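Following are the structures in question.
Shared chain: subunit A. Partners: subunit B in the first complex, subunit C in the second.
And now, the complex of A and B:
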């Protein structure tokens, strides 16, 4: 009976194998799992109706006067026989539900991590999301921006800047590729020429490090 | 026995419940013959049918008295004798969630002998595993140690290795003088793996600065 959920379980294995990255949304398997639950729900209903019909039939026979204890026992046995199948299908539905919820949650966690670490949904990640997930990312992005912004409910601080607490306010960085001139808070415009070394504020350097323009030489932040 | 807390949103716990458990049906069950065995000629399942069921299904059916659950072969007498002879020589590679599954089976069956066997196996194996991990071998030596571990033990082993590495770095950075001067670095080394590699260069940098 392990066959019942084998396909759906591949969703979870896929996510674990991706190791923190976002694999393409597996719509086919999700749809199949949903169809499976629907057909099982139908089977359960049919089974219950059949069992009820049978029970009523037996009750009527008993009322006609020839009901004995033997038949009442037989009635109980039949319900146990029917219950087995119903429980199997019901548990399978619950299991499928848990697999699907776990799948959604693992993917959502992945998107949240992307928002904190890379700030935006890059094209190669975006093409792996389902429409609902893109919508989720947009809403999460909005909520986080509102919280960090200067609006009515905002705290006016960018929380994604220091994902690990800095030891020092400054950091030594080397420029990996030319990036034109940038004006930093402590100086006039600085030309970022490939190979040159600068001493920058962590908050100003971090963004450029993530873009791959700078490399941290003396890791403080 | 303490109630086993099921972690609903834990993919590992979810996968571990797919382990197959031998069961015997205590009642005849109608309409299930074909589900269990697609080639079966009968629609119904007879009483006393033996079948391998996944743990998540077996647990529920056994709690309701529809099936009786037996311990899977890996917790059987043969395995118990192997463990008695020396728990460290047994390879658990084929059973990635040996302890989790075993605990759940023991709880459902109400069988304390399986639980005792698990505890014995774990106590003996984990002692060897943790002393081994502190030596932090590499390459072939590492492969030899991990070759007999299952997923659960590998996680434990990795944690032990990381702890040992963090401690070594702490001493390299000057023991608790370094801790007093710079509590941040020690904290970071303990918290995440990526940072730890950096602290090696940091420690070297600190020494240069002192000179």
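And now, the complex of A and C:
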């Protein structure tokens, strides 16, 4: 059975090797695995039908009083093999289902991480997603926004901020690229010119650090 | 100043730093005297992080903490620009950051558990009751989003008997594909209050839990005690 699912298992290996980043959606292997399940299901169907036909034939023979025991024994032997085959194919379908669902779940977890760390689906991540995944990202984003929002179902707090326990309220940052002029809460408007160093409150700097505009100089917060 | 707002100022009229606390914890952190909200929140966070299943939502505690945070925000803003209060303002500001972190970490830990086993939480009445109203709504939106994704990418293309999101195949009665947490996992626990003999083993063995004990123990043994607040996880 491992041989039958070998190609599908490469999906999982791919996700593990990607180590947190989202690799391109492997449409080909997924489609092939799904086709496998369909053909195995068909085989199972055929085997069951053949066994049933065999069963009926033997019943009719017994009713007619045909005492050819050799044929009956041969019939029994085939049914035992077929039963084994049915079980193997059934378990293989279940294993393929499990592999595929796990592959999808690992990718969904990646997207969830992207939402928490980067807030939006950037181009370099988006090009690796399938249409179903972009849809999932949108719906997850909506659910999370509703939970963190101010509506009836919201708690009114942005949980993606304050991810680390604070050591110091202020943090020294260096500006990595021009970002115009921003007014922070404790001072007048600050021009974010590349190369300048500022003292900012942790909570406000966090967002810009995440975007890549600022770089933290003191590992304080 | 609001004359009813006596908790914010002590005798000399200086703003006190006890804005977040109701009463201070006693030396040995005993339950009886009532711990500060800060202590309770920290305990709730640790319990939630270490327990394998989701615990009862501490609605009152969260509401109190949120109100306290808002109160302190206005207090800090009021002190803006007054040089005499600069140090006090900074200390209050640090405290506010810490409390805000604890609160968010608590809610985040719960969200993580919901995302892990949303299906079984929505399915089991007892678990559903442990979520707040907002968490329940989030859990169902999450489950729907995940379900739709699984259906459109995998399940709809599987053979007819195997298309269920929650069962392995039609004909099996249990919903094997829903994740349930492993309650038999071992956790570190500290006993806050004497619990006496607690049933511990399959043959009626008991363990004695005295206040101050710290131990590694199966979660199932202390589950009820954690809920009651007599034991906390580390």
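Simple rule for what comes next: the second predicted complex is superposed on the first by the 204 of 221 C-alpha atoms of A that agree within 3 Å, B and C clash if a C-alpha of one lies under 4 Å from a C-alpha of the other, contacts with A are read in each partner's own complex, and residues count from 1 in each chain.
Note that in this section a contact is a pair of C-beta atoms (placed from the backbone, for glycine too) under 8 Å apart; a residue touches a chain by one contact, two chains touch by 3 or more.
Not measured: the values here are computed from a predicted model.
Asker: Does the superposition put A:193 against subunit B (first), subunit C (second), both, or neither?
Answerer: In the superposed model, A:193 contacts neither subunit B nor subunit C.
Asker: Touch check for A:120: first (subunit B), second (subunit C), both, or neither?
Answerer: Once the two structures are laid over each other on A, A:120 reaches no partner at all.
Asker: Pick one for A:143: touches subunit B only (first), subunit C only (second), both, or neither.
Answerer: second
Asker: Classify the contacts of A:106 with the two partner chains as first (subunit B alone), second (subunit C alone), both, or neither.
Answerer: After superposing on A, A:106 lies in contact with subunit B but is clear of subunit C.
Asker: Of the two partners subunit B and subunit C, indicate the one touching more residues belonging to subunit A.
Answerer: With both complexes superposed on chain A, more residues of subunit A are touched by C.
Asker: Between subunit B (first) and subunit C (second), which does A:82 come into contact with in this model arrangement: first, second, both, or neither?
Answerer: In the superposition, A:82 touches subunit B alone.
Asker: For A:47, decide between first (touching subunit B), second (touching subunit C), both and neither.
Answerer: It touches subunit B, and subunit C stays clear.
Asker: Per the contact definition in the header, classify A:130: touching subunit B only (first), subunit C only (second), both, or neither.
Answerer: The second partner, subunit C, only.
Asker: Once the structures are superposed on A, label A:161 by its partner contacts, choosing first (subunit B), second (subunit C), both or neither.
Answerer: So A:161 only meets subunit C here.
Asker: So which bits of subunit A does subunit B touch that subunit C touches too?
Answerer: On subunit A, the overlap between the subunit B and subunit C contacts is residues 101, 164-165.
Asker: Any idea which subunit A residues touch subunit B in the complex?
Answerer: Its residues touching subunit B are 1-2, 4-5, 9, 12-13, 15-16, 47, 77, 80-85, 87-88, 91-92, 95, 98-99, 101-102, 105-106, 164-165, 167, 218-219.
Asker: State the interface residues of subunit B toward subunit A in the complex, per the touch definition above.
Answerer: Touch list, subunit B to subunit A: 8-9, 11, 14-15, 18, 20, 25, 27-32, 35-36, 44-45, 51-54, 56-57, 60-61, 64, 66, 182, 184-185, 188, 192, 195, 198, 201-202, 205.
Asker: For a test of understanding, state which residues of subunit C touch subunit A in their complex under the given definition.
Answerer: Listed in rising order, the residues are 66, 90, 93-94, 97-98, 100-101, 103-105, 107-108, 111, 115, 133-135, 137-138, 141-142, 144-146, 148-150, 152-154, 157-162, 168-169, 177.
Asker: Any idea which subunit A residues touch subunit C in the complex?
Answerer: Result: residues 30, 34, 37-38, 40-42, 90, 93-94, 97, 100-101, 104, 108, 112, 130, 132-133, 135-136, 139-140, 142-144, 146-147, 153-157, 159, 161-162, 164-166, 169, 202-203 of subunit A touch subunit C.
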